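Each of the two complexes below includes subunit A, the first together with subunit B, the second together with subunit C.
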Partner chain A sequence: MTIEDFIDKFAFAIEVDTNTLAPDTHFKTLPSWDSLNTLAVIAMADADYGVTVTGRDIEAATTVADMWAVVSSKCVATE
Partner chain B sequence: MSIERRDYNDSNVFTRELETLFAERLFAGTQSDFAQLDDYRSLRIGNKAVSLRRTRDGVRAFNNVCLHRNALIDLPGCGNRPFRCSYHGWSYTSDGSLATAPLADVECMTLRQLDTYPVSQTHGLYFLGLAGTAPPIDEVAQVLADTGVVPDAPFHHASLEHACNWKLLVENVLEGYHLSFVHADSFRPAGFTSTGRYTWHGGQYTSWNDMLPSAASDKSATIQRLAPQAGHYYRHAYVFPDLFLSNTNGLVGFLSHVVPIDAAHTQLAWQLFELPALKALAPALRQHMKDEAIAFTQQALAEDRVLVEACQYGMSAEGPDVQLQPQEARIRHFHALYQTRMGHV
Partner chain C sequence: MNAITGVALRAVAAATPARVVRTADYTYLNPDERRRFQKATGISERRIVAAGQCASDLCLTAAKAVLEHLGWDPASIGALILITQTGDQPVPATSIVLQDKLRLPQSCLAFDINLGCSSYPYGLAVVGSMIRTLGIARALLLVGDVSSRVCAEHDKSAWPLFGDAGSATALELDENAPPIHVDLCSDGAGKDAIIIPGGGLASRLPPVDGHLVDATGSDGVQRHAGNLVLRGADIFSFAISRVPGSIQRAMSASGRAAQDFDFLLLHQANKMINDTIARKLGFAPDRVPTSIEHYGNTSSASIPVTLCANAELFAMPRWVVASGFGVGLSWGSATFQLPAASVLPCIASDDVY
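On to the complex of A and B.
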């Protein structure tokens, strides 16, 4: 469970090339970002990590690393 | 020929509408309003106070004025209680006859039976026939099938007052022409614009449309990755004169109905419910989509309210007859239904 794996899954969820994302990418400024991507990230967190991410979590996050921090902290909490 | 401008402001016309259009078939509630014995929905339409109740013999509609001193038996709104007047305890049976009248003298009673009204039900939707005949509902099932709306218990409900005639609210939802101009923060970002692909069908008292985004805005594939049974579309149905149903992307259902207050004021009561494709998703996704649907609907209704109230102002000022456009064919259909019933043709 690394941020690199998370970036792969995040990129797949929002349908962009993995190489376009880095931990410091401001994902909501991506040209393709829209409200459906919020749903895709919620679904990815549920399916791939078994954790519940909310729309508010995504709204509060700025970078991919922020989202990883949310997901990884919830993973730890559920272990 | 369109409905005349003065018909949007005239209190005599409004009264006749209640006595004809709304008496023929009035939306009266959903299955979730009458799930338990003694669930009731008390409503006022014009000069009629009616309570629909789940009785031991099914959902029945009664004149809601006590035979004793004319208090309302069920107060306005919804709830669950025995069918008993709160004033002196007179109670009524499932056929509307007087059951008990504590301490009363039978020699001082001439009336022992509440008036009743026919109720029709299909797919969990209840309709009232205030004219005394069972309201026709044979087209409703087809409309539900064509739009994919499966009425269910609401996850959110609210109402919104409008300073406009009820017909302006109806007309507003029967066309997609205004979407790009009015709904910059709701329909347009969701892919539904004035140039969307739009098809419609009209029946004897219903109409419905299917709206698809332009090919460039179509997100069907993305939506189906998240919810395989869903899609990217907006389907809307109208049951004359007061009920609207819609299906957004096969995920969220919307039910609303107009409650005419007077010639220039209307309440819109609305609710949202999950469609089967949404129920199949993970809880976090379901919750997010429900939250989004509530925010979307509140935004869209607020955007619409400004415009329909502006139309009411315009209709009450000097002005020309309306000039309906080809994209507004469902409004023409509505006008035809209206004029036929009001005897204007």
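On to the complex of A and C.
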């Protein structure tokens, strides 16, 4: 469970090259970002980490690292 | 919840408008957005009513089909329940108008229920319980919506998702029928996830004879207060986190495990949601029939539409677990047996009654 691994999964979910993402990437400013990506991120968090991310969690996040903080803290909470 | 015993499902029919509207032709999304939309939702086309056709018309077409299929005299029907969120008018209840249009007897009880995507398990519970406790011999459960009539066409978050459909399920008192088990849930704290904010008294808006004015929502989409607002991400996380548990509870109440059911029938909101739920419950894709590709999200009617769109799978008796989830938030699951050849193929009809 590392942020690098999370970035790979995040990139795959939203169909961008993993090299275009870094922890400090403002993912909602990506040209291809839209509401379908929101669903893809929720699905990825469920399938790969077994946690439920909400629409509000994604609204509140700015960077990929913010999303990783949400997912990793939910993983700890469910352990 | 207790089982509903001694009530048999006899026939299921679904009717959709004939007109096909394709995702590929939706100009408010660019070609790449359309491709991604289709991949995520699974929707390539939908059936949309022309102005003038109502949910009641589609349900009536389906009701006629089940009556004819079973050879039932309309005079033998003791209950007609319609579940819809797109009735003909605010008052009176559309089901009562349908009692007359279907020439059902005046001894037939009729009322509407206001539910959406969770309608089918709720409907089976309500109609099954009434048949059983009131000793009603035969009943019709009608479930349908014309969601296209309440969505703004330029609203990318809602318009390309919904198809229109109506359905009819015939149920009968039968001491030998296998039990129906249900699990029914509600969470009003999620009311804003799918809402038509105007038109009711709580909106504090002018009554309907005032002009409806467009306003821009927090998502940047222009709508008027009579339009449906859908927050897809909230629905998505609700569905994948809370629906599997409901299905599990209905299955364990029935004393059957996932492998004992022939098919899992899910509300057709989104392919990603349903793939996730099926995976969590251990149902392989070949045991999860779909209709979303050709009919879209048909709201309350989605489970009967999915049955009818796959009618060939139901030539023999089948055990089914079905789950509906969405607007409310409201969700529920039901386990039941469908007798051989009780599912009629989808009917395309533009009939208006």
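In the analysis below, the second predicted complex is superposed on the first by the 79 of 79 C-alpha atoms of A that agree within 3 Å, B and C clash if a C-alpha of one lies under 4 Å from a C-alpha of the other, contacts with A are read in each partner's own complex, and residues count from 1 in each chain.
The rule is simple: contacts are C-beta pairs under 8 Å (C-beta built on N, C-alpha and C of every residue); 3 or more make two chains touch, one makes a residue touch a chain.
These figures come from a predicted structure and were not determined experimentally.
Aligning the shared subunit A places subunit B and subunit C in steric conflict. Using the contact criterion defined above for the overlaid structures, shared-chain residue A:36 touches subunit B and also reaches subunit C. By the document's definition of touching, both partners, subunit B and subunit C, reach A:15. Contact with neither subunit B nor subunit C is seen for A:3 once the two complexes are overlaid on the shared chain.
In the superposed model, A:54 lies in contact with both subunit B and subunit C. Mapped onto the common chain A, subunit C and subunit B collide along 296-304, the only clashing stretch among 170-178, 296-304 or 332-340. Across the two superposed structures, the residue set of subunit A contacted by subunit B and also by subunit C is 15, 34-36, 38-40, 42-43, 46-47, 52-55. Residues 189-190, 219, 222-223, 225-226, 281-285, 287-289, 291-292 of subunit B are the ones that touch subunit A when the two sit in their complex. Those residues of subunit A whose C-beta lies close enough to touch subunit C in the complex are 15, 34-36, 38-40, 42-43, 46-47, 52-56, 58. Residues of subunit A that touch subunit B in their complex: 15, 34-36, 38-40, 42-43, 45-47, 52-55.
If you check the complex, the residues on subunit C that touch subunit A are 33, 36-37, 40, 156-157, 219, 231-234, 236-237, 240-241, 270, 272, 276, 279.
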